[in-house]
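Next come two complexes, and both contain chain A; in the first it sits with chain B, in the second with chain C.
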Partner chain A sequence: MSVGSSDGPLAGLRRPFEGPNTMGNTPGFWLGFVVAVAVLAALPVLFGYYAAEIGAVFLAYALLGVSLAFIWGYCGILSFGQVVFFGVGGYAFGVVAINVPTLTGATLGLLAAIAVSTCFAAALGYFMFYGGVRNVYVTILTLVVALVLYTFMGQTAGGEWAIGDARLGGFNGMSGVPDLGIGIGSTGLEIGIVAHYYVTLGALVATYLGLRALVNSHFGYAMVATREDESRTEMFGYNTTFIKFAAFTIGGAIAGLSGVLFTTQNNYIDPSVFGITAAALPVVWASVGGRTSLLGTVGAALAIQFLDYQLALSGSEWALVIIGSLLVFVVLVMPEGVAPRLRDIVVDYRSSEPTPADAPAGTEEVSD
Partner chain B sequence: MGASDPTVMTTQAVDETGEGSSRILQTRNLRKEFGGLTATDDVDFALEEGELRCLIGPNGAGKSTFLNLLTGQLEPTAGKIYYDGHDVTDLPSYERVDRGISMKFQVPSIYEGLTVAQNLRIPLQQVADGDAFETRTREILERFDLLAERDTVASNLSHGQQQRLEIGMAMALEPTLMLLDEPVAGLSVEETAEIADLLREISDDDGVALIVIEHDIDFVESIADRVTVLDQGSIFREGSVEAVKSDPEVKRIYLGEDH
Partner chain C sequence: MAAPELLNLGFEFVEIFAFIVLATVGLAVIFGMMGIINLAHGEFILVGAYATSFAVAAGLPLAVAMAVGVVATAAFGLVLERFIIRRLYGRLLDSMVVTWGISLVMIQLTRIAFGNTAPGVGIPFGQLPVVDGPVYYLVLAVIAVGVLGGLYALFTWTDFGVRARATMQDEETARSMGVDTDRMYMATFAIGSGLAGLTGALYAPVMTVTPEYGTSFLVESFVAVVVGGSSVLLGTILASGFLGTVNAAFTNLAGTFMGQVAMLVAAIVAIRLMPDGITGLLSDLREKWGESE
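The block that comes next holds the complex of A and B.
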């Protein structure tokens, strides 16, 4: 198999997004991808308003999952605290948008939230990576930061914990967070529930494609090399500390954006986003879907959260047990996750066919 | 250390290394202590451009420590390293690589999960782009006899192919000094001869200076311009292979009567 070649229709268009660092470099894969996006786009039309409301939350979770797959799967940084940037983004949007009314506030809130979560990730990443924190200690440290924020935000119930008009609200959370919107004053675009679904879907697709291009670029190779063998990579002239710092910061920015999309959908955020259950979810999605597959993680996030939702609807209190068992099962049977396993099956199948397989085989779960 | 002013570094370097104009590497009183153990003991070492030097010595003589000081993997306790007229003692590894120092580790430490082409891209994308990148990739694969293995995952290569790939990756950066730690350990007789030819060629044709740590004295004889014998962290003897080989003192430390 000739990895990295792009033949077939629209080869030129596909080229920036293809390479040996991503699965799915065939026309068949992209056809499946377009169909899957079309199905997702059709959901509000088919199932209405309510599907858009629930679906947007799942898509925001998927974006959070992608932020982890990017840094863990491609750079080997297992962050247990992606929810830190998710939650910080959500709270930051709330504080700005509540204090500055009209669309100006929503626009400023979005920009501020991304800026704050990016800076937070950069600061944490700087102290960790330039301080020589490695491997499992990164995981522990990021989890600790999430739990510290959980405890801290939980004790902000008193009236003195307010920033302008925005009350942090302790475990009751911050309510009355405005919808997403783009504009100045009252002129601009207000983003209602159905539109919010499409904005979230658009953000997810754009982030996915952007990250595919990034991981197949020079920087992506440097990330993969750092993941595989850091000291070796340094001996090829790479500043691996900076590479980890930069990747972690990008991951934090994406998690922050997902937090804004989540918070503006619910018009509410509370400290449970920093809790240990929430912190574990991105790790579960990436483990089940396959951390080296951005799309596998998206599929797993959507499928698991949908399953969780159905279990909750049916009144079952077993949701966490079932999801935990699923994680254990997948990790035992397919340590690399579902998507890489599927890719291997397709590769085996194609290479056993009598016709020569000219393109790299690859597929990912696009059933959602 | 406050050697941030480049002009100061250069002046200093000329003072230290000015006597030999073609001298590429020089260490001054280089010292490394691990607790109470002195692994490198005030070593003054010099290497000419394009020279192939073998570093030999009994186990625990401090050969690998010395190499790791040169690459920046270890920080010296005291002393200086001058490379190409500049003080590089305080530079991190990746900046030393930019200046032309390249290293091959003791164990083939290629990226096992990646294909040969992907492995090669990691050093090569640092120095070449576009068409030049494609041309260089092909050149290196041809030269190191890996063209047929382009899309093979590196862990599936034979040991000899892995060694060649790693040397090819080190050469991709177009270094002026290459450090090799036991490049033929565990190789067959044929593979050893192949690597010997390759190293001679890199020294003679590419003009790359090499420091090779090696135990196999026959291999050393087949490649080295000069030999440095380390013992207990300091330079014990230095000279041609014949001179060192016939030195009764060298035989004595190798047989361990000294200790």
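The block that comes next holds the complex of A and C.
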């Protein structure tokens, strides 16, 4: 680690989050990071209620993107089915929170949704990794699971498809999902639109920092080793099957959380979250942003969804064409994604300059 | 007494078997021979269906219109191979991601260019006498078997087939023996695309052709490829037979939806037990027997 170049007073604070597996291990990076979070936090204040409403959805998507970047970029598991856990989390929250109408319901719903999506990811992961399914077959299976859930949820329109008071609703979706909240009975905190934005932002920042610490830990090194050469890692005595299983399950839990944040923002979820277009989006964000960069994926998710939203507002039908072309273009031209490429440019620029730690380079790296 | 039911079950099986074989075969050729997972497979099928629909609407006879669909898709595949796919040989995951991007673009472009449905095509040949269903499904089954036979002949008996397989097995050696490997990749991809186009053309009369038309083939085709394993033709036949049997039996017992569910459950169990597919298990067994002798 070359952090020693300029140890600020906060060096100790940064240390758990830094290491060779993440980009941005300099004070400049962290300064930029804090500024970026502050800007995101200021958006509802600057642009009001409506920005918070839209922004929270983008942030939930970014969290979904992070769940894929974590398992694909660091463990080499390309899942086309992150939306499975996203959707399962959303539906599970809806079922619990609709049946238990007070704040207890929202709290239980959150816990249940994360538990259900984690268990679902664990079950699927167990089936695949302990069954010896690998590489492309994992990718295909996860996609098939998403498409099957799409078909399955689509035919639940009838009244018999209800769990308690919660009707699954087929392609019309499940409506009337309550807001997020923490508490028991009617005492507690009800999370409204603006608060929801901050909760989502907080979840994203906390997940990002948590994953940074994780990938720079011993487990993270083992994940990367598994990605690089699975049989060699196994020869060294690591249980690569378990590593993949654990990483996949963690990814599923994060995707489930993002699904809850998405569903409670819209108070609604429908089977299109499992559809092939929705399933493609996390792959687009991670590919374009750079799957080995969690922050790159977040940036790409925010940028692409914002573009998509603007195009939809202007009544254009071209959003998917642009997103699809962008994906093809990035994979062909810079297979690693935008953020790793930017990092290389910054590193080249620094090594050619005699003064390494000047301010502009620091802020440039923030866009990683 | 049970004879009509048995006939129904048989017809159900034939219908589903033909569907899985035809949905899979184009994907299987491209994956098995070139190691490219074509996630735009559904949209290749879409090209075939649209070309056929519009050719029929323009007044061409159905058989000619279907030929137009096949040729159009093969040509489309050829162009795509030249400009995009050829950069992705040996990059399995990247090829999946890129073809998925292509798929997104094509679905939306189709919607923008042609609206939400293509002109309808009537079902030829009329109804069967005893079983409730059109004669056309039997024709589809015959064509499915014919396609498999034709591919087997093409890849084992012809000069082209031998060269193509040599290219896929060992490109360097094949090239030094004078095989134009570039052309072999191109031709194989075009054949796979043409087969996808054929599927789209054949099913244009029996399914409504919408921009999402290709997606309805995706699940069956991917499941069959995974269950079948790496040996393309045999794998497709065995997987289609296995999945078709399960699907037909449960469809007969509990309706179309349960048939679908049972087939997918069977597929997941099969993959859990045989991660390399049916043909992977077969070659393992063959090795084992070979050792013990």
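Going forward, the second predicted complex is superposed on the first by the 345 of 368 C-alpha atoms of A that agree within 3 Å, B and C clash if a C-alpha of one lies under 4 Å from a C-alpha of the other, contacts with A are read in each partner's own complex, and residues count from 1 in each chain.
Note that in this section a contact is a pair of C-beta atoms (placed from the backbone, for glycine too) under 8 Å apart; a residue touches a chain by one contact, two chains touch by 3 or more.
Being a predicted model, the structure only gives us computed values, none of them experimental.
Engineer: Name the contact category of A:V273: first (chain B only), second (chain C only), both, or neither.
Structural biologist: Touch status of A:V273: no partner.
Engineer: Tell me which partner A:L320 touches in the superposition: chain B (first), chain C (second), both or neither.
Structural biologist: Only chain C; A:L320 stays clear of chain B.
Engineer: Have a look and say if chain B or chain C is in touch with more residues of chain A.
Structural biologist: C
Engineer: Just to be sure I read the superposition right, which of the two partners does A:L332 touch: chain B = first, chain C = second, or both, or neither?
Structural biologist: After superposing on A, A:L332 lies in contact with chain C but is clear of chain B.
Engineer: Look at A:L143 in the shared chain and tell me whether it touches chain B only, chain C only, both, or neither; answer first, second, both or neither.
Structural biologist: So A:L143 only meets chain C here.
Engineer: First (chain B), second (chain C), both or neither: which does A:L180 touch?
Structural biologist: A:L180 sits against neither chain B nor chain C.
Engineer: Could you tell me if A:V83 is touching chain B, chain C, both of them or neither one (first, second, both, neither)?
Structural biologist: The answer is neither, since A:V83 touches no partner chain.
Engineer: In the superposed arrangement, which partner chain does A:A92 touch: chain B (first), chain C (second), both, or neither?
Structural biologist: A:A92: touches no partner chain.
Engineer: Quick check on the complex: what are the chain B residues that touch chain A?
Structural biologist: It is residues 71, 73, 92-94, 97-98, 102-103, 105, 109, 111-115, 117-118, 121-123, 125-126, 151, 169, 173 of chain B that touch chain A.
Engineer: Quick check on the complex: what are the chain C residues that touch chain A?
Structural biologist: 37, 84, 87, 91-94, 96-98, 100-105, 107-109, 111-112, 215, 218-219, 222-223, 225-226, 257, 260-261, 264, 267-268, 271-273, 275-276
Engineer: How about chain A: which of its residues touch chain C in the complex?
Structural biologist: Contacts found on chain A: 78, 80, 127, 131-137, 139-141, 143-144, 147-148, 151-152, 155, 276-277, 280, 283-284, 287, 317-321, 323-328, 331-332, 335.
Engineer: Could you list, by residue number, the parts of chain A that touch chain B in their complex?
Structural biologist: 1-4, 20, 218, 221-222, 224-225, 228-229, 231-240
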